[in-house]
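Have a look at the structure that comes next, please.
Here the chain labels run A, B and C in written order, and each chain numbers its own residues starting at 1.
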Amino acid sequence: MTDNHNKEHHLIGYGTYFMIWLSLISLTVLTVSIAGVNFGSIALLIALLIAAIKSGLVINYFMHIKFDDIIFKIFFLVAMATLFAIFVLTSFDIFFR
Amino acid sequence: MSKPNEGVEKVPLHLADPHHHKDAIGAKMGMWLFLFTELLLFGGLFLLYMAYRLQYTQDFVIAAKELNLMMGTINTIVLLTSSLTMALSIAAIQRNKKTLAIWMLVVTVAFALAFMVIKYFEWTAKIHHGIYPGSPDLLNMPNGEIIFYGMYYSMTGLHALHVIIGVVIILFMLVFLIRDKITQHDYIKLENAGLYWHLVDLIWIFLYPLFYLIH
Amino acid sequence: MANPTIAEKFESYLDYPGMKKGLFGWIFSIDHKRIGLLYLVSMVLFFAVGVTLAFIMKLEMLSPGKDVVDPQTYNTLFTLHGVIMIFLFIIPGIPAVFGNFFLPIQLGAKDVAFPRLNLLSWWLYMIGGIFAIVSLFLQGGPIDTGWTFYVPYSIRTTTNVILPLLGAFILGFSSILTGLNFITTVHRLRAPGMTFFKMPLFVWALYSTAWIQVVSTPVVGITIVLVIIERIFQIGIFDPALGGDPILFQHLFWIYSHPAVYIMILPAMGVVSEILPTFAKRTIFGYKAIAYSSLAIAFIGYFVWAHHMFTSGMSDTSRMIFSLLTFVVAIPSGVKVFNWIATLYKGSIDLRPPLVYVMLFIFLFSIGGLTGLILGSLATDVHIHDTYFVVAHFHYVMFGGTIIILFGALHYWLPKMFGRMYNEKVANIAAGIIFVGFNILYFTMFILGYQGMPRRYWSYLPEYQTLHIISTVGSWILILGMIVMFWNLIYGVLKGKSAGDNPWGGTTLEWQIQSPPIMENFHEIPTITHEPYYHAAAINTEDNKHKKIDEGENE
């Protein structure tokens, strides 16, 4: 079983990890530096967008779901969709009360 | 475990022993499913945060000014870097570089502890200012600010708890590595520990802008 | 093929000499069958406690004012009755007992994916249960919030709230571990040839259930943790005095607790889909429709939680949306019921105890489901919210649905689990007594609720007394029926005659192995070539059973 596992396993180079790390740090710096700028109501959206990009990098590379079997991607989507649905449905109460 | 049965043909190896089969993909699947539960656990908190931030927009801005942006940012970088060293440790053991893998784990633990130390200073500074759960100063604040600190302490507190659990897990992995329980051909334990650690990082990626970057 | 003949008996899991002896050989066993039995025994004990609490409550309802307990005790009684029955009995219920026992066998596997985790689940279950029970005897008194733990009362009451909450959290963790174990097992340990659409429908139901367990339980986990830290640290989260919003607690609570209803009922529906083809002696009608409807129920069931909150003060928009979504969930449930009925049509029906229970289920669950529509409809719910109508509705669904099927599953699978048969005539009589008692007990509650009797009240106006007395008498009949049933089953397990390997002529894999099964379930892992309910060869099961698995492609 372990042999099988190894064969399927995509080896990610040290360099790739460093690049991902560098991007994560840069995005952190970016989000801090534009936090002072007054974007008004979209400031939160921008901050969350950057966080989403960062988490995308972590999930795809550090957690290497990008290189995993399709079933893991489906699982992940199911979990995310669930979370999303909870937020949307609760919003109907929060926004319209 | 299995008793000999005469006249029974051999079954596929991975099914041969019911209680000791090794299935790396299965183990990883179990880990991911567990991570989803963690995501939804924090998801509930984020949902509360969303509701309260909408309700108390101004109070949240005022209360967030008390937080130390510098410490929050340093902690973000510390945690991101620890995620890197964790990933590198797995990459090293995949290439059969045991020593490098061990050192990378040690560095990961060091970063995790650094995160906790910074967190400690951050929290003690708040407590010195009289802002802690149930304190008279806090209870005299407007409702929105009480809620902000309620969310702040519970979310970062729960996250810190996960960091501590992560440290314990990584220390176990360290022992397994040293004792060759984790090898180039069987490193699923380390991989799963890595997944857990990255999740801790992932949650912080969202906590950071939601608490430290409110203007 | 080296199949042993029936006469050759191999050592079963019950007699297996493990590393540890006696009781330790059970409570530290990582065998899925033994763990299933551990759950069965512990759950029946908790069930007995829950029934006793309900019995006392019904006695108290015999007349207005005090009969046997004072108001505060009554509050703790209904709280603990709910906590025990929900968290300790029906949520683990069928998956923990029959899922553990039969999921690997029905898949053709030797165990679940993570046997040690499985044992840990049971231990966590016991610890959680003990927490809940211990809180009764500590200073401060037993919890009196109702099983829903609504804030702000649960933050302010002086009774022991933290310990049972912690117990519920641990039970949730146990439930999550079972869920992820089952999902991984279904994905990784199917026997060769067992495609998703060759899996028995019970497995489909468990798979759907497991997903709900994994994605919804953590939400209530965090809610419980927040109430605990709010109590301990006076931190502001839900308490309105500190700016919190109690309705958000209700949202988070029901985001779990409504899907939990499907954690309870889906496995029961899976059992029905197993029992029907066996006793109708034909394949299930609409296999794929039933399989998909399990997933659909799990999916839609996730999005209807706020129909528990129509009178809580949430926005009108969400009240309407959730009312609409609630009606949608009736569709996949209807798909199932129609397919079951169609399965019976032109089948050669063999009305034996498990099928009798399925019949009771279809009848009682239909009443429960249809009254659910009355509650799901926004306008009518406002009038009967928090009355006995609601109590009657969820007892018809939960008891008439899940627990009746749990009894049915016991009658169906006990001969396989222990290799012995109970007295079928007594089983049918017991089912009859249960049915009569059940309807006297709960149908009167529909009328009481319709007339305006509120739930959870210790006393009531005199005009309700007649119906309350009828209802209480019903509870005695029901308990009598259950005593007869359990006595018959226990007697059967201990002294019954040998059941044989396939007493019902079942077609799924568990009926092709020895009763009780050997430790490894199968002497060799079977290869599956058939859909699960293939009955052509089943008329003469004794001769053809091995052919069906091994040479099924000949047909």
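To be clear about the criterion, contacts are C-beta pairs under 8 Å (C-beta built on N, C-alpha and C of every residue); 3 or more make two chains touch, one makes a residue touch a chain.
This is a predicted model, so every value here is computed, not measured.
Viewed as a graph of touching chains, is the assembly arranged as a line, ring, star, complete set, or other?
Drawn as a graph, the chains make a fully connected set, so complete.
Please tell me whether B-C or A-C has the greater number of C-beta pairs in contact.
If we tally the contacting C-beta pairs, B-C comes out ahead.
What is the distance in Å between the mean C-alpha positions of subunit A and subunit B?
15
Report the inter-centroid distance (CA atoms only) between subunit B and subunit C in whole Å.
So the centroids are 34 Å from each other.
Report, in whole Å, the distance between the mean C-alpha point of subunit A and the mean C-alpha point of subunit C.
Comparing mean C-alpha positions, subunit C is 37 Å from subunit A.
For subunit A, jot down the residues that touch at least 2 other chains.
Touching at least two other chains: 71, 79, 82, 86, 90, 94-95.
Can you list the subunit B residues in contact with two or more other chains?
23, 25, 29, 33, 36, 39-40, 43, 47, 51, 55, in rising order.
Tell me, which residues of subunit C touch at least two other chains?
Answer for subunit C, listing residues that touch two or more other chains: 187, 215, 219, 251, 255.
What residues on subunit C touch subunit A, complex-wise?
It comes out as residues 187, 211, 215, 219, 247, 251, 255, 302-303, 305-306, 314-318, 321-322.
Which residues of subunit A touch subunit C once you look at their complex with the stated criterion?
71, 78-79, 82, 85-86, 89-90, 92-97
Give every residue of subunit A touching subunit B within the complex, in rising order.
Those in contact with subunit B are residues 1-3, 5-6, 8-9, 11-14, 17-18, 20-21, 24-25, 28, 31-32, 35-36, 38, 43-44, 47-48, 50-51, 54-55, 58-59, 61-63, 68-69, 71-72, 75-76, 79, 82-83, 86-87, 90-91, 94-95.
Help me check something: in the complex, which residues belonging to subunit C touch subunit B?
Residues 2, 10-11, 30-31, 109-111, 113-115, 117, 176, 179-181, 183-184, 187-189, 214-219, 221-223, 225-226, 229-230, 233-237, 242-245, 248, 251-252, 255, 519-521, 523-525 of subunit C touch subunit B in their complex.
Which residues of subunit B touch subunit C in the complex?
Touch list, subunit B to subunit C: 2-3, 5, 7-9, 11-12, 15, 17-19, 23, 25-26, 29-30, 33-34, 36-45, 47-48, 51-52, 55-56, 133-134, 139, 142-144, 146-147, 149-151, 153-154, 157-158.
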